[in-house]
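Read the structure below first, then the notes.
Which chain is which? They are A, B, C, D and E, in the order written, and residues in each are numbered from 1.
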Amino acid sequence: MHDFLSLLPLIIITAGAVLLMLLSTFEKTNVETASYISMGFYGVAFFVQLVIGCGPEVTIFDQTFNGMLVANNFSMAAGLVILGCGFFTSVSGHSYFKVNQFCTLEFYSIMMFASCGMILLTLAHELISAFIAIEIMSLAIYILVGYDRQNVKASEAILKYLMLGAFAGAFFTMGTALIFGAAGSTKFMAIAAALNMTGEISPLLLGGSFFILVALLFKVAAFPFHAWVIDVYDGAAAPVTGFMATALKTAAFALFANFLAMNNVMHSGWVTFLFYLAILTMFGGNLVAIGQDNIKRMLAASGIVHSGYLLIALVALNAEQFSGSVIAYYLAAYAVGTLGIFAALSYLSGEGERRADFADFKGLAKVHPYSAAAITVFLLSMAGIPPTAGFMGKFYIITSAFNEGQVTLAVLGVVSSILSMWYYLRLIINMYFHEATDTFEIQGTPLATAGTFALVFCVFAIALYPVVI
Amino acid sequence: MFAEVLFIAFAALSVLGAMGLILFRHPMKGAMSLIVTMISLAGLYALLSAKLIFVLQLIVYAGAIMSLILFIIMFLNIQDNDLPVEEGRFLYLAGGIAVIIPIASFLIKIVNGLPDSQVTIVGNGFGGVKEVGLILFQDWLLPFEIVSLLLLVALIGAVVLAGKRRLVK
Amino acid sequence: MFEYALSVMIFLPILAGLLLLLCPVSKGAARAIGFIISVVILFIGIEIFLGFSGKSGMEYVEHHSWIPSLGVNYALGIDGISLLVLVAATFLFPMVFSVFKTKTKGFYGNLLLAQGAMIGAIAATDLILFYVFWEIMLLPIFFMIGIYGGEKRLPATLKLTIYTIAGSLLMLAALIYVGTSYHEQFGKWSFNIADLSALSLGGGFAVLAFLMFMVAFAIKIPLFPFHTWLPDGYTEAPTSATFVLSAIMAKIGVYGVIRFVIPVFEIEFTRFAVLFSLLGVAGMMYCGLAAIAQKDMKRMLAFSSASHMGIIALGVFCLNVQALAGSLFQIIAHATSTGVLFLFVGLMEERLENRDIDSLGGIAYRAPVFATFFAIAMLASVGLPGTSGFIGEFLIILGAIKFSSFIGFLAGTTLVIGVCYMLWMFQRVFFEKSKESTDSFADLTTGEILTFVPVILLIIGMGIFPQSFLEKIEPTAQQHIAQISAVSQSQVADTTVQNPGHNNHKN
Amino acid sequence: MEHSANYLGLIPLLPLTGALVIGLLHMMTCTGKPLPEKLYSTLACIGPLLSFFMALVVFFHLRDMAPEDRFLSHIAFTWFAIGDLHVDMGFLADPLSALMLIFVSFIGSLIHIYSIGYMAGDENYGKFFAYLNLFLGSMLILVLGNGPVVMFVGWEGVGLCSYLLISFYTKDTDNVLAGNKAFIVNRIGDLGFVLGMSFLFWAIGSGGFDYLSLKENTHLLTPGIGFAVCLLLFVGACGKSAQIPLYVWLPDAMAGPTPVSALIHAATMVTAGVYMVARFSFIYAHVPAAGTIVAWVGILTALLSAIFGMFQKDIKKILAYSTVSQLGYMFAGVGLAAYSAGIFHVFTHAFFKALLFLGAGSVIYALHHQQDIWKMGGLKKKMPTTYATMLIGALALAGCPPFSGFFSKDEILFSALASGHPGIWFIGVTVAGMTAYYTFRMIFLVFHGKPRDQEAYDHAHEPPPVMTVPLIILAAGAAFAGVLNLPGIFGGHMSVSHWLAPSLVEHHPHASVWVELFAMLASIAAVVVGITIAYKKFSQGAEEPVFTGFAKFGYHKFYVDEIYNAVFVQPYKAIGSLISRIFEPNVTDIHVKLSTWIYKKCGKGFKVLQVGYVRVYAIYMVIGLSLMSFFLSQSIN
Amino acid sequence: MIHDYLILSVILFCLGILGVITRRNVFTVFMSIELMLNAANLAFIVFSRVHESMDGHVLAMMVMAVAAAEAALALAVVILLHKHKGKLDTNVFSLLKG
């Protein structure tokens, strides 16, 4: 019975997706209803997920699914984050699509399909299922990115994302093939068993896991597989960007962590590799972010930096007693902040997202002090200033790095967050320290505004009551 | 011996096809050479006793997917002047090869580290429809089911992106 | 009643500040609320000061678990080290609300936030909690400078913020290192400062962590050569922010060194004491010299403040009880003198919209009360006996002589350097012929006089009866020094510190 | 044995209270209608007079005690105590401080009274008296303090007051500059004092940081530290008592009102250095070499300032240099361990110098603030009282027997000769002659001959009694104070020396009466020569000469001020502006600027890399991949 | 013999990469990715043969399904792009940059 309960959120979301898909054939239902429906489904799924909780580790339908799905605390937490992201994206979408009218019912349906893929991804302990889950998620996200067909930027974004995503997917399949060749199976348990036998990673397994890591690194936009992320974030609609920045990253990191934590041999084999990548990702991301004038591009680049921090957490995870709490907490903290900004952007950026640059937000604090304050809170959270969730996340990551002896990484992580101060502060400075030149009229519904403030609350709530840990 | 000759023939064909794909300027020609590759790969599958996959490769890949691609190419009526002028293509190629060599050598190094063995065609239903089907529905039920989800998403996506837009107010 | 006094002192201003920021309140009401809150805090502060028993332990302790898995607690307490800093943070705030009438409600809200965060940083006995407040207190300052500052406020704000945040992030790494080392050595997590002092750290990273800590505090203090954010920051900030920065925030940097660095890094501290004390002295001289050439009064005071902070920092690095107590005493003395000078400059700016020394003159004839008050604060800042400034400076110089005669000598030059620029400024601004720009200068109103009289009395009172302050801090200072000298004697008996003659040679 | 006297604390407190009250009254009213001058003057004089009265009480109290434990002390409260350091706010009256106490409060009171007349009509009448009271209070703290730290309070207090009083006429920039100079130079001295105190504390202060405890622990002092302490303290004394090289502030300090010059620069503040050295006689006696340095510095100062004094034309400057010169004598005395002689000279000097300054004040007052002696002349007839009193003062200053100055100065010169420093003695005698010369040059030019400025002369008149009475009192003192310490050769008992003996650690050189007689005659001869030359040159209405050669050099004070300006002040300012204009933005800030620059450049560079072509992004990926594969393939074999 | 199969797979895979990074035509790029997937499929089949388990066959089928789905979407995107610019040059789509 518990097996079924563990899958219940997934089922609810899938049901919601299918329902919306079916509804879209009826002319009568409008987009707002759809967004309420999706909010409802996300909300229900979220609470179901929350209520179920989880034991240490449950293999779902061991017989039927042949041990391919495993639920644990980590996947549960990641699932919560994903569902939360979905909920708030629906919320901000509600307002956003009031102004930017290119939405149809399928939007929410596809978003829920994407969430479905993500949740599968957090549960998957088998490579080909994971691959399919990735593809479900990715295809859905591609569609969301290019949803505005009139917009050539969106189309360009989808082209870039799809091409490079498929390219990375090809690596994933090749990696799976090599691992299959090495271990005779694609299940994590079997691979771990094979690793335990030899005690070290065999060349074939090395190559295979390398390609898998490459694909995952691409998904989380680690350096040097990061270049797409900026353009794609830029081209996509604000709620979509928020969704892909948070939920997608959560799902990808969930798989990443599960894969690495499969056993100690696997993890220790890749520590050095990830060590350098984490450093490169943090600093590369920062340097990309410095030069950006567009908020979404800056956030994309800062997302790269946050991936770098998460890579630190991956380096520092303890494969013997993997709980993933640090990663999950950081993901949650990051998700809350990023979603918040995108929620705010989705009602502030106006029709066709004409306010996109830093300079466009000059003097926002004079016109909309509360929104500006909320954005400030999110930015500070991303910058890791206490008492926000971002700070606690960073604190856990650095603590875990020190605890695993990764002193250099911890210090470099800190240095990188120093570098990142500039571009976070830049937006704050633009909002607060200049006179308003724009009127910042807010069209659309107040739902996104409400969502923004709810997220502000979350930022502090997560920070002050770090329940996950 | 016969198998080896066949392998060499198929391998050569498939590599040639792949090179054709990369080198032909017009995608139509590229697609045709890709079909060559796919068919020869199908031959190789047969040599590896993967009967079902041999069939699927021919039907699904070379048949369905490639004809879809060809259809779209023709549907878009791509003329020569629509094609990108890829100046310095060969320079790129040379650079690309230089870049790829480490990857290739890495992979080949891995392959060479494996114990080699002969491949003979195995009978006894290995790779047959029934056997693969049993495994598919016993061990691999989950991927099978979620692939349906994937296809559904792709379906909706294609409709949304390329279909006729009806805006719902 | 006073069981939760510290929490009240922290969260009352923070909550009030947030309320002010979030609710539509009129300017005057905001100021009134701020004033009332700060007076309430003042009374609690007085009560704590009087009730403080002056034994060497923590008093007014509060302890709640926050993040059990990492041993992070919400732990507050006050001992001799923090007492005077706390006093500085509570005593001076009502003045700001009372003096500056023209600011908006956001300004007053930020001010309250800053006060709460500062008190939090002072009262925290858990490193993480300290860090949290330490960072929070920068935010209101950031907004105050950025929104209400002068012409060139943007670069100044950025520089200040990034500089200090850079420092504090380094400190974050260092303090987590300390926490994990504790975990390694004792098998459990704790960030409580009392536990951490039991640590014995060694090796290269201990030194690095120590330096990271020191850089963070050095930036906040600011210690030469990390002071470069200060002149711009202090000058461009609205005066009350400058006041908060100079009178309290800088002190929390010194306080941090005493509270968090000395107990944990005894060995490294003794090893680097000479270097840092040289930095302190160098900063004192450098900033003092720079001050003389300033044309802007506020900028001059900024350099002067930095110069004094150099001396205060020196007192901490001298590793003896006189200098340490001197520094602690000077913390509040400096807050009341230089801090108040900033307020005076703020008043002048409000009245004349001019801070250019050369264009001022003869204010003493227009505003004798103002001039007198200014002179008293100025004399306290140059360390005239009978004012609060003397006791601290004297103790620090005395201690510095013990530490190293050369450094002591250099420290002594503060007596001369300080007086040069101060007198010159005073001459040009208050004396000489009165100029057009100052003709209309109005003297302090009764309200303002009432505001400043307590501080003036405090300046003089602390100069005449310093013992009531010193006796509260002495036991803790003694304990601190005893702890560090025990370690340094047993472990680095042959380092440079014990031998002043050797230092001379080295320098 | 503890002799407690609670009223000791009141002695400085009374003038200080007066200062506070007057200061507040003045501050509150000065922009509006001023309060009557009578109120201020009454308030101002109460404190000093009461202090003087109590000083007498102290004196008689001490006199009634056995000579060896003649001290009274009162500890008001613990000032500060940290570790070994324990400093009380305590007061000590022993013969030395009692002597100082009496004449400080006495002369202080007189000057207060004199000022009532002199300052009449000044818009800052109240402020002046507040400062004056504050000054007297500080001076009394200095004298009464029971340890170096308390002394330092008074020490700095008088420095502050001298700053305030010198720059009293604040509208004139020069005055304020003179005040600044005084304060800053004093501060340089204070630096020495503080450092000396610190060394002293670490050497012998842990047993208690007051004079009595320090005296008991003197044996713990090592010679090296002792020497350093002595020199550092002497630096302090140099600052306060205007010795080489820190004397430069004193002549400039004449910018203040004349009573101030009398009070500060004659009677009280400048003698603080001498008092301090005498106070620390137990340490200086411990390190004779330091004393010799003190003596030489003192005598050279005397010589130098005597030379300057010969060429000045400002009446107050002449007196100022004469003060510096006399201070030099005092240091020569205390440096040679003739502490009582030095202190006695302080004592007599207080009378005649105050007298001279106040007399000069009268002249200036009469001539409507004319200070140039070359514009005076023939005032003898117009101002007989002033003339007579000043003449007495001049004779005392010049060292004519039997006036007070003669005895005290002779005592010093004698001990120089007797303790084997003929060089000091010889210079001393020369300076005595020069002193006589320039003093009488002044007297002759001011009072004799024909008036050089007829209009001013016509308006000149004797000042009111409130000013002349103090003159007369002081003249009496200047004439007869010498009697108090009449040496044996004249049948005296050296009363002052005996009185002071318990407070001082001194050894009296033993020399024959002939030596004493010789010394005396030599100095008398020098004085006579000096007066004669002055008489020849100036008594008959000489005209202002144009200085050339050495005289010009001397008139310009050897250009010391200019040299100091060029060597210390300008470089100081230059360094200041160098730092703030060039160093601060370009060198110290370099790490900020550089990192910002690198940061921005990197940002630009990475922006360029973000070309927007999807193929290029793929190429990045593949390049990354191929590098990684390259490194990974190293790890497998 | 296994080696030869695998090396063929590697060669095809690398040719696929080469196609992606050297060509600007959207179609060619997509087909190159298909080629890479095919190379992976070949590896699956070969390893399946090596391990004598048919799991590899199932995996290859899944990959084919995914490839089909991806192709469907990719072609939709191609149509979309063609509607915008009338060209299939990837370099034409570089509005988003910097």
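Worth a mention:
The rule is short, and it goes like this: a residue touches a chain if its C-beta (ideal position, glycine included) is under 8 Å from a C-beta of that chain, and two chains touch if they have at least 3 such contacts.
Model, not experiment: these values are computed from the prediction.
Any chain that touches chain B and also touches chain C is listed here: A, D. A centroid comparison over C-alpha atoms places B as the chain most distant from chain D. Every chain gets a centre from its CA atoms, and the centre nearest the mean of all protein CA atoms is that of C.
Averaging Cα coordinates per chain places chain A and chain E 26 Å apart. In terms of their C-alpha centroids, the spacing between chain D and chain E amounts to 96 Å. One inter-chain figure worth recording: chain A and chain C are separated by 42 Å, centre to centre, where each centre is the mean of the chain's CA atoms. Averaged C-alpha coordinates give centres for chain B and chain E that are 6 Å from one another.
In chain C, no residue touches two or more other chains. In chain B, the residues touching two or more other chains are 96, 99-100, 103, 106-107, 109-110, 113-114, 139-140, 143, 147, 150, 153-154, 157, 161.
Chain contacts: chain E has residues 13, 16-17, 20-24, 29-30, 41, 46, 48, 50, 55-56, 58, 62, 66, 69-70, 73, 77, 80, 90-91, 93-98 touching two or more partner chains. Under the touch rule stated earlier, the contacting chain pairs are A-B, A-C, A-D, A-E, B-D, B-E, C-D, D-E. Residues of chain E touching chain D in their complex: 17, 20-24, 29, 90-91, 93-98.
Against chain B, in their complex, chain E makes its touches with residues 1-8, 10-19, 21-25, 27-28, 30-32, 34-35, 38, 41-42, 45-46, 48-50, 52, 54-58, 60-62, 64-73, 75-80, 82, 86-92. By the touch criterion given at the top, residues 128, 131-132, 135, 139, 142-143, 146, 149, 152-153, 155-160, 162-163, 166-167, 169-171, 173-174, 176-178, 180-181, 184-186, 230-232, 234-235, 291-292, 297 of chain A touch chain E in their complex. On the chain D side of its complex with chain B, the touching residues are 619, 622-623, 625-627, 629-630, 632-633, 636. Residue ranges on chain D touching chain C, taken from their complex, read 23, 26-28, 30-31, 77-83, 85, 89, 149, 152-153, 155-157, 160, 163, 167, 170-171, 173, 176-177, 179-180, 183-184, 187-188, 190-191, 194-195, 197-199, 201-202, 572-573, 575-577, 579-581, 583-584, 588-589, 591-592.
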